[in-house]
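Right after this note come the structures.
Both complexes shown next keep chain A, but they swap its partner, so chain B is in the first and chain C is in the second.
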Partner chain A sequence: MSIFSPGARHALPVMLFLLCGFAAPLLAVIAFSFVPSRTFSLWQPWTLENYAEIFNSSSYISFLWSLGLAAATVVILALICYPVAFGLARVFGKYATLITLLFTLPLFVSENVRIYGWILFFIKKGVLLGTLESLFGYAPESILFTTGLTLLGMVYVYLPFMLFPMTLGVSMVPQQVRDAAFDLGATRWQVFKEVDLPLAMPGIVIGFLLTFVLAVGAIAEAKVLGGQRIIPIAHDIEIAFTYAQNWPLGAALSVLLMLVVGTFVLIVLRRFDLDSILGRR
Partner chain B sequence: MNDFTQTRRDFLKNSAVATAALAAGGALGMRPAAAARTNELNILCWEGYNSAQVLDPFRTSTGATVRAESLTNDPTMINRLRAGETNIWDLINVNNPWARKVMFPEKLIKPIDRARFEPYFDKMLPGFKPPYKWAMDESGQHLLGMAQRFGPFSFVVNTDKISRASAEDQGWDLWNDPANDKKYGIQASDDWNVFDLCCISGFDPFREHTEEEVAKYTDTAKRVFKGARMVGDLATMNQALVSGEIDFYLTGGTYSCSPARADGNLNIRAITPLKGPMAGGKGGISWTEITSVVNNPNLSTHAEDFLEYVQSPEMSHTVAFAEGTFNPVTQMGNPACFDLFTKEELEIIQWDSLEEEMARSVEYDIVPDYDRLLDIMSAAKREASGA
Partner chain C sequence: MESTGDRMRRALLWAWALAVIVFMYLPTVSLLLASSTDSRYFMFPIQRWGFGWWQKTFASLEVHQLFETSLLIALCVTVIAVVIALFGALAFARYEWKGRSLYQKIVLLPIFFPQTVLGLALLLWFNALGFTMSWQTAVFAHLVWIIPVCTLVISIQVYSFDPALEEAAFDLGATRWQVFREVTLPVLFPGIFSGALFAFLLSWGNFPLSLYTTGADTTLPEYLYAKMIAGYTPGVPVLGTVSTLGAALLMLCGYLVIVVLRRRGTAEPDNDQ
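Let's turn to the complex of A and B:
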């Protein structure tokens, strides 16, 4: 197709829009990662010092926390969401819509508000501990501001992003295939392993990817519920861009995060057929 | 292709109409923007100035569209101007040293009319009489903005757990006492955290530091962050103090604990140490906001009017008690303004000890080796989490 073809000409506005709105900011971030530390202009000799600084610092701790917590979130959510997705697609029947609504409603409330709600729930003399103390005279230590609660916050916030693609995936499995497997003598475990899981995999993989990519960039859960007991990489990037006034360092951290997440996503997508994941079978 | 019923000719025709409509819309959108500088005002500020109580009377009297965006740290606001938003904002409201030491030298703000505004400084509390250092440029020629909210800012305690007298006496050593491990929080406010870690280490933050001092600072940062029950924002800190999760928190003052006091928790109190490592043996640090006119090539005609408007006795009182946090204001030096404060309001902003606390404090300044100290602190914070 020549660039002068009508198709290309009509695609031009959209291409320009994407270039300006999507590619240009990314390119600016990448370019900034190569300018000298704590400077604000792109028009100067470029350097690798920001990357050297990151590799010589303890930034790896933040990367590991972000990747580790995101992976843990994905695993926990997979275990929680699969049974719920199965129920929504096959068991709950007319109640499925109501249950879906219950999972969707919290999305209408800002994430920060929901997280502060958990603070009120878990804080000393709050909903949980206050009730335990007044009803049973039992006053355990508060679990607020711990890594465990950060993880709980992430699982809570990202649940819909795993649940809905997974539900789509599970509902893509034809009931006839499952029936046929049972008729041919397959056990429940065999049907799950040989039929349900492989055929629902497109939805499951999209759920995994979506949750993982969002959770790697999570910041509010560790800041609020975790009391900054851990510093995820997104928080390091925020500090670099604000208090530290070090845009190049923040840009270099962002580029590395994009590379790590991008590589992971590419590896996963190479294992699974993109066409089947997008439903073009 | 069967479900796409439009012909190519229709599509081209519709595209042309849509493009023309977009272009017309764009042109319409541009026209008011270009002509609206007499009828709009954009303010970048700390919370309070963006409240309806402050802005609505100005909107009504001028008919102007007033947009105010609130952020909670100075560097981010200045970043916005550096990133080219000087042609958007008309006023910027940040803490004392930034106007004089950063924004004016970088040509991000411009001077205001001395003859028009110095009479307001004359009416302020004694510490702000003209020429007030932080409102002037280094040469002392140009007036760079108006001072309004201020306050001491060191730390906050629950006086049911630690008495005011003992907290003032022990001062920064509260964080050098191993018995206090996990009894305190840290309000995340990175520049102030750096100041406070210097104070805990026993030296003045606002000067160049020796290698030995930096080594001591590094140890202090690691120890203090490891010993913190949590790090968070001021709402989390106050909530944790009131509920008993913590007994005291680092980096706080009238500004941060006033919402808890306004809620009836008068046992939550900002403390300024009796003594400390700063010039003259002072133990506290204070802040004063300076609101400046942005060096906007197409400045709103309302910019200076707004600066004048918020200095009136009524509006000064409103600014002091606008939503968010509650703070003393410089115009409390004017009896017409002071008389508007109720006994409860004075209690919330700790008026009883304000003068002595300000006298015990040095003013927020820029730390010469801030970048290095901040990097050390960020690493200490991260490594505390790694442990």
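Let's turn to the complex of A and C:
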């Protein structure tokens, strides 16, 4: 028999694939961030000039925008999704599956197509303004191409990524514990604060993490809905790789983004036991 | 037995959830509306309803080509992802082993990673290896993200799998292959099926990974993006609607298959209890 345990043997194909499809490309990006600016080969004297260029330029503004928008997205989504997650786990009963399916479907339609749908909704003479005008004769300015709409796009695109882990978390809270708390005279608010929230925390935090990380890397919302009023960091990276043809600079920006994202992911994931979240009973 | 306050709260929860669903579908409905007008520019309320743009779009050879490329990529991704992810899921949830908790976290990393950056990293990597971008490199790129998702989806089924079933088969003298084919695969089939459905649909709709790794072979989401930044083209709402309806139909069929499979699974006496 082989020297590996059965578990390690079964994990081998995935691990090998991720080694050459995930780890190796990321190492290539890291390596590329150290070669001289505007060159396309790794075999040259390494330098730190790309990092110096970032700190001397305005790229940090893009970083701040991305982090800020991602944080705002997380907060808004937490408020929108908690009641829905609670309903899915406790109230909607047999309709919960149907509602879950309705929330899953948009995940399978290309993100940019759905964002384009918002353009048709908000554009002048579009679904919203056209209706207002024909019904009430009221024709306000379109809110298209504003920072607020970028945020709306992000909230919209990442909603399922908050909702599903949150629902998983909320359904982990045993009903008996809630009943016991109510029997002992706890108010609704106390049960929420002392029972629901702490026990659902693993799912909630995974939802926070997932939406935050994905939103930090968001690009299409600002480009299509925000009319490039603000430039998120992923857009800077894309520009460096494509129009500017400066791969080393793009690689250095990617490394910084990976550091931010990776730190969050590692800190949060270290604290969780995935078996208990995904359903080993 | 319910108090008025409780009923009120339930109604509020329902209203809130329905409002969120309406919000989720506003863009899709807008696409549908925009695709069913015959005017060159979209104006609402619609003056001339009609399906002329649907006919024109479907008659286009370019669109046929896009469908073929997207379908080819999605099918390859589905087959490869399901095979690798099935073993990955068994390692994730079936076996107790030393490296498991680390492995579970490593598998999640690509899901928690900005896809645009992943796409660019793969572009750089393929370039360093001297590959030319084509639909094959796109298959590889999709797999980096979809194998982990697929592993998670199948794992959820594996968690409810009772290892004693396999052991009993071994005791009765079955070979390793027989156990896998006659016990493991059938019991896990609903999970494998949902995994395949996820893999196909996620590959079909993927844009950020395709964008940098398809080279000359364009997929549907890429084409739509190119058209939509070029100004208003009535073909975009049509294809967007088709893509949404297609995904919905496939999901519905998949959902029905899973329901039937689960029913049959629980009808067998030797399951679970």
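Methods note: the second predicted complex is superposed on the first by the 247 of 281 C-alpha atoms of A that agree within 3 Å, B and C clash if a C-alpha of one lies under 4 Å from a C-alpha of the other, contacts with A are read in each partner's own complex, and residues count from 1 in each chain.
Everything that follows uses one rule, which is that contacts are C-beta pairs under 8 Å (C-beta built on N, C-alpha and C of every residue); 3 or more make two chains touch, one makes a residue touch a chain.
Keep in mind the model is a prediction, meaning the values are calculated, not measured.
In the superposed model, A:G117 makes contact with chain C only, not with chain B.
Judged by the touch definition given at the top, the superposed model places A:G68 against neither chain B nor chain C.
Of the two partner chains placed by superposition, chain B and chain C are both touched by A:F241.
Looking at the shared chain after the overlay, A:G126 reaches both chain B and chain C. Of the two partner chains placed by the overlay, only chain C lies in contact with A:V91; chain B stays clear of it.
The wider contact with chain A, measured as residues touched, comes from C rather than the other of chain B and chain C. Once the two complexes are overlaid on the shared chain, A:F22 sits against chain C while remaining clear of chain B.
Contacts of A:H10 after superposition on the shared chain: both chain B and chain C are touched. When the two complexes are overlaid on their common chain A, residue A:T104 makes contact with chain C while staying clear of chain B. Chain A residues in contact with chain B (one complex) as well as with chain C (other complex) are 6, 10, 13, 40, 116, 119, 123, 125-126, 224, 241.
If you check the complex, the residues on chain C that touch chain A are 10, 13-14, 16-17, 20-21, 23-31, 33-34, 42-45, 83-85, 87-88, 90-101, 103-118, 120-125, 127-128, 140-141, 143-144, 147-148, 151-152, 155-156, 159-160, 201-202, 204-208, 212, 220-221, 224-225, 228-229, 236-237, 239-240, 243-244, 247-248, 251, 255. By the touch rule above, chain B contacts chain A in their complex via residues 8, 15, 19, 73, 75-76, 79, 82, 185, 188, 190-191, 228-233, 235-236, 239-240, 243-245, 371, 374-375, 378-379, 381-386.
Taken together, the chain A residues at the contact with chain B in this complex read 6, 10, 13, 38, 40, 57-59, 61-62, 65, 116, 119, 123-126, 142, 144-145, 223-224, 226-231, 236, 239, 241-246. Those residues of chain A lying in contact with chain C across their complex are 5-15, 17-18, 21-22, 24-26, 28-29, 32, 40, 42, 80, 83-84, 86-88, 91-92, 99, 101-121, 123, 125-127, 129-131, 134, 156, 159, 209-210, 213-214, 216-220, 224, 234, 237-238, 241, 247, 250-251, 254, 257-258, 261, 265, 269, 273-275, 278-281.
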